[in-house]
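Have a look at the structure below before the remarks.
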Amino acid sequence: MDIKILLDEYNATRSRTMELIEPLLEEDCCVQSLPEASPVKWHLGHAAWFFEAFVLQHYETAFQPFQQEFLTMFSSYNSSNVPHPDPKRGLFTRPSLKATREYCHNIDERMTNLSHQVTADEMLQMIITLGIHHELQHQELMLTDLKHLLSQNPLNPIYQPKIDLRATDSSISAPLKWHSFDAGIIEIGYEGEGFSYDNESPRHKQYLYPYQLASRLVTNGEYLQFIEDNGYDNPCFWFSEGWNWIKSTHCHHPLYWRHEAGAWKEFTLHGLVPLNLNLPVIHISYYEASAFAQWRGARLPTEAEWENTASLQKIAGDFADNNYFHPRHTAIGESVKINALYGSAWEWTQSSYSPYPGYNPKKSNSNKPKSDIWDVAVGEYNSESMVNQYVLRGGSCITPRKRIRPSMRNFFPAETRWQFSGIRLARNET
Amino acid sequence: MDIKILLDEYNATRSRTMELIEPLLEEDCCVQSLPEASPVKWHLGHAAWFFEAFVLQHYETAFQPFQQEFLTMFSSYNSSNVPHPDPKRGLFTRPSLKATREYCHNIDERMTNLSHQVTADEMLQMIITLGIHHELQHQELMLTDLKHLLSQNPLNPIYQPKIDLRATDSSISAPLKWHSFDAGIIEIGYEGEGFSYDNESPRHKQYLYPYQLASRLVTNGEYLQFIEDNGYDNPCFWFSEGWNWIKSTHCHHPLYWRHEAGAWKEFTLHGLVPLNLNLPVIHISYYEASAFAQWRGARLPTEAEWENTASLQKIAGDFADNNYFHPRHTAIGESVKINALYGSAWEWTQSSYSPYPGYNPKKSNSNKPKSDIWDVAVGEYNSESMVNQYVLRGGSCITPRKRIRPSMRNFFPAETRWQFSGIRLARNET
Amino acid sequence: MDIKILLDEYNATRSRTMELIEPLLEEDCCVQSLPEASPVKWHLGHAAWFFEAFVLQHYETAFQPFQQEFLTMFSSYNSSNVPHPDPKRGLFTRPSLKATREYCHNIDERMTNLSHQVTADEMLQMIITLGIHHELQHQELMLTDLKHLLSQNPLNPIYQPKIDLRATDSSISAPLKWHSFDAGIIEIGYEGEGFSYDNESPRHKQYLYPYQLASRLVTNGEYLQFIEDNGYDNPCFWFSEGWNWIKSTHCHHPLYWRHEAGAWKEFTLHGLVPLNLNLPVIHISYYEASAFAQWRGARLPTEAEWENTASLQKIAGDFADNNYFHPRHTAIGESVKINALYGSAWEWTQSSYSPYPGYNPKKSNSNKPKSDIWDVAVGEYNSESMVNQYVLRGGSCITPRKRIRPSMRNFFPAETRWQFSGIRLARNET
Amino acid sequence: MDIKILLDEYNATRSRTMELIEPLLEEDCCVQSLPEASPVKWHLGHAAWFFEAFVLQHYETAFQPFQQEFLTMFSSYNSSNVPHPDPKRGLFTRPSLKATREYCHNIDERMTNLSHQVTADEMLQMIITLGIHHELQHQELMLTDLKHLLSQNPLNPIYQPKIDLRATDSSISAPLKWHSFDAGIIEIGYEGEGFSYDNESPRHKQYLYPYQLASRLVTNGEYLQFIEDNGYDNPCFWFSEGWNWIKSTHCHHPLYWRHEAGAWKEFTLHGLVPLNLNLPVIHISYYEASAFAQWRGARLPTEAEWENTASLQKIAGDFADNNYFHPRHTAIGESVKINALYGSAWEWTQSSYSPYPGYNPKKSNSNKPKSDIWDVAVGEYNSESMVNQYVLRGGSCITPRKRIRPSMRNFFPAETRWQFSGIRLARNET
């Protein structure tokens, strides 16, 4: 690929990042409200850092860091070289948002200069492509983390004013239907020439039993029935560990639901609004998703079942690109049998996040050139997380469309709720 | 089956339980040294409780509890009816060991009387059979929990004096070899008329890629090399979560290893002995098993790979029945290609503990009669634990032989070390 | 003093210790139910250890320890030589109770032999006297810790069966009266030839303002009024720290009160009995004592006020010597104005535990000979605890009479409840 | 007093507050780096809130809150009406710093209007005076909390650039001398017509034994000797609780000291500078102050000793008013015997924070009018903290001069280190 084209993509991605933070105050960009979240400013600096650390440092002649400390402050690796979110990132009031923007601008200029000087080898193309996808991921995390931060404020700040989220005619959720899929040996995993993470490879066979998937996501209304049926008070729906989680956290509803003055409301990036019963339930843990499914006499799909079905459908859905940061419908893509497989809400699967057969951790995923840069750069996406996490599929309303492939695997610990996670039901074909 | 035969099995099991606690003091039987362990005395009362609560209470005419409080004190269900180990069981100094033995004796007598009075329906047979397997499980847990308790004592108490555990000619471990197994659709899971837990069903197909299994378990000597190669100090071998586990627990060797006066020793149920480098390493977490495999350039087997291979072999190995409560050899069953698949040490697999396709939680596993008794009685073995746990296979040197089938699934959280857990390496056929 | 007389006292003390554990099972003596408590068996071994470590080790010719490990297992000093209760003492199932009794017997014999062989120097006399008082203290702690242990058991075990603790005519509590005491310079602290701890010295002057003390201890009935007046729900009665303590512990009544089937009961060493409203309230924290006083429009006394008044009275009260291990009256010593200043319940004072003016930590308290033995032996009683603890005075129903002097200072952290602690009200003379 | 004069004082105080935050970024003002600290922006809004809640709400005709939510967001009382720092204040990114300034400006205008309309009754004067002292206190806390926040940043931000803090001739510390003070009945506590907090009253008698105070504060150099003498590794200098504190926190030097590249440095509000051995040691806990004193064969003074001596001296010292936010000398006020009793560093006393004899919590301290407003307004300064805290005296280099009186009592828990706390040694006259 021509490096000029790649740089256009780089610039478009960076512009979008800047657009997303436009409505925010300096203060909004600095604070961290969860140990596992990061401040918006850190996401911004970190996205630029990727290119300084993995591109400029290796390809720029006479490389000089913009500021020496930024190479560690904006790194996602701790002192032991293990990737992890740092609960102290929110304490970095300096560099200011202004100074962090200047850092980004500097990196942009140097990336442009670089594109005039070097001939893109395959490794350079791979790293820049990875950096772009890395930034797309952080665009999503920015909004995810910001939503949690704003939700902590009694003033209920609005990220972007929007039209009313209450039910309109078009958003009345259709009755849930079940669609059947056949048994047999199927294949999942990425194959092709485009970008993918190493955890999507290799493409491999699995044996599937006949299964059914629900035609749409579980709605707030259905979830409310579960609550009103004392779902949170009945241990028979829950894993023992999930039951202990309820007892210690006192969770009794999705993360951003609030019961005020006798009515349910939901905090969104468009403000605090009445709970719309027809929209998909989001911000629930794996424990809650599983318990709901158990209550409904169903189960969560496996990731193989999900991907097998998703591979048959066109990727269409509520993504971040339309600048609406909350699910809008349960009926996306009316022409397909299974609505909203993509976008709207990340769908918990029952699959533990584990390596595919033949997966080779810490290595690139195909016949591409290998190098130390690559190994470090992709370290963030490989095997270190492959214990005690569960796979989510399909992207959400704050996911950039470009991030999503049928084979894309997202993963979080079972108690995670601040992600835009929802429920797709499955069951055995009987 | 004739209920008389079943009662013989009941009596034999109870005798064995009593034999196992013979060497212990009242004090040894009362104390709990870990929240997830139970005192020996509780295991004893709980084994008897099973028959009082699930057999006598339903089949005895004019049932009267031996002592009302025992129905809750010896139950494994907490007030919310969720099974869980109770960290306060060790505070129950009453009933005394003597009184608990009397409880068992009383239950034995009533079980004998019952066998003269009732005709065994299928449900009664199933429940008694389940109770016997339940007691076998608790025989194993008794020894597991006792070992931890005794290990906390500066006097290094000996449960059973034994001959020296140091290397003898016969126990020199053979060189590790790799044996290959073919790809294709295989079947795993229990099928047959005998006893099995519901989590082993239904028998089902899986697609396997060609794989290799190590000819024997990893030895203490090999694990020591990992330690001496700074395996615990190098994050690249560890899951992020495992690395955090090291940082918070400061683990740097298997649970019962000690470095004293320049030499490695190992605490065993036969006393504190010099570490035998030729014996299998035991008492390691899933994190440690995975890190060792990564360091060796290998991986852990999946449970499907393990069972596929194990199904081909005769069940033979170091089990508790021979009254030797530590692994003795790495070369069990010289005639087989894969040594010590059964007994010696529970083998961590890389498989997250999850339901088999078509698994129906809270139900018996076949065409057997269903009832509420059964549903409650087997509640302990079903789906409540199917999150954030990993499967172990094959049994250990303290497992009663009768507990083990090729399809038997044991499961524990990744940080668990007080079980007799070891490492079987696997790798992809290249 | 003749060493023979001292040995008689030694033997009498040891006999009493043995008498106190007579009703107990091996199991009762082994288990530890609180990190800050110790098992009865440990108290027993520790009392003997004192004489082995501080007397025999220094005065016996050709000293050989009874068992080398006991010198550390029964020591109250941890590896850093700092005194502290060890939350793992309850894990020592060995030595057995029987073996621990043999240890005591051995020490007794060696103490007798020693008394025949050595001429008592002043230091030897001091150490033996200290050891006897040390054992008296542990007699009290034994019962204190045992009560907590037994209280954890659903069987409500009875340490010693006794007559009914319900109100009898003689135990109706008298109306609370206030007695006034003058202002001026007074003196507190120990002075004399008898035994005292170093924290009681030197005797010194303090300036007191006129004050009043309540004629009797606060009763269960009065405390119940505080509860029924929502005392635990009203922050204005509580220190901020005490309020946080309520929020985190959910305490809403004294430690051993229980509300069962609409009635209040109290767990005692004589069994679970109906709450007697006329008896003194016990087992409350400093937070609760202070909040009750605030609610009553009064305050707790300072230790100087308490001692100033107590010095004027004969020491008489409900002590452990009468083998009744619960307060029996509020009107002890009818002839005195202030009832039950001694015995019945330790009385929280508002005084932080701090050194008296001129106090010299780590030194004996008078003109007695000084040595390293002494400094280590008394280390348990001196300055290491003089931060964040509060002084209690007067002894309780489980305190041996010989422990108590007007100047005796007991001290515990503000949240402590398992001691037999109660409330004496004070107020300013207006 | 004329309300116009009072308003001048109000305006001067507010101007100073604004001056102090001038060098800061929006981000610096928003973040909270300790649960017990507050963001600068919160301090600002809280200072204004005091006047809105306690003055305008009661005296303004047709009172309308500036913004309803501010009455709770900027309150120091939690939902249970108990004063406490809120660890979530740092999550309030809104109102912005700009909006918070506007809030202050609005309050200033309304206070001015009010002063033209009402005739100041005594209560109004008292509340405004209290509000001014309240704001002075928060000026100090702002700098205290800010220092901790900036210290967390790898960029070592400088609050105010200053001249070098290294030793100059004039700052070489004088040899420590001891000055003696007589025994007898003395009086401490506030008496007079000026402002004081209720905890300083009533003035009362105490009996003092002869004592000595050190001529100057302990220096960094002396404290370094303690460290180099393994003071942090020797339990004999420490309270048991202090020793446990070391073990759990791994503290081995004052809070803002750093050992980098073989040299000691100190983080200050004027940047990271080489440790000046001649300046007073600051930012140490009560545990450390006590251990140092023990190591030196001395002790901490009681608050009565401190006040008795301080009352004799003119109040002069390093205060915040000179815009230098770090101690500059050990020899302040050359003409006095005891240097730097005031300013430089808050001096830990050995006195537990407790009520003075005759203290009446929740009441004003003299014959002033009493009312509900007053009781709530001064709730922050009275008895709720009188458990498990220790008294500090004399003010520090960041304390406004107007806050300090001889009788002024500051108080913090023993483990507190982020305050500007130092050591004045005392000992008994021998």
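In this document, chain identifiers A, B, C and D correspond to the written order of the chains, with residue numbering beginning at 1 in each.
Here, a contact is a pair of C-beta atoms (placed from the backbone, for glycine too) under 8 Å apart; a residue touches a chain by one contact, two chains touch by 3 or more.
Source: prediction; values computed, not measured.
> Determine, using the mean of C-alpha atoms as each chain's centre, which chain is farthest from chain C.
Relative to chain C, the chain with the farthest C-alpha centre is A.
> Calculate how many whole Å lie between the centre of chain A and the centre of chain C, each centre taken as the average of the chain's C-alpha atoms.
About 59 Å separates the centre of chain A from that of chain C.
> Roughly how far is chain A from chain D, going centre to centre by Cα mean, in whole Å?
Chain centroid spacing, chain A to chain D, equals 46 Å.
> Approximately how many whole Å separate the CA-defined centres of chain C and chain D?
Averaging C-alpha atoms per chain gives centres 38 Å apart.
> Provide the list of chain C residues touching at least two other chains, using ranges where the numbers run on.
Where chain C is concerned, no single residue meets two or more other chains.
> Which two-chain combinations touch?
A-B, A-D, B-C, C-D
> Note which residues of chain C are touching chain B in the complex, please.
25-31, 33, 41, 69, 72-73, 88, 90-97, 149-150, 152-155, 157
> Along chain C, where are the residues that touch chain D in the complex?
Contacts found on chain C: 80-84, 185, 204-209, 235-236, 238-244, 286-287, 290, 294, 299, 350-352, 354-355, 357-358, 361-362, 383-388, 414, 428.
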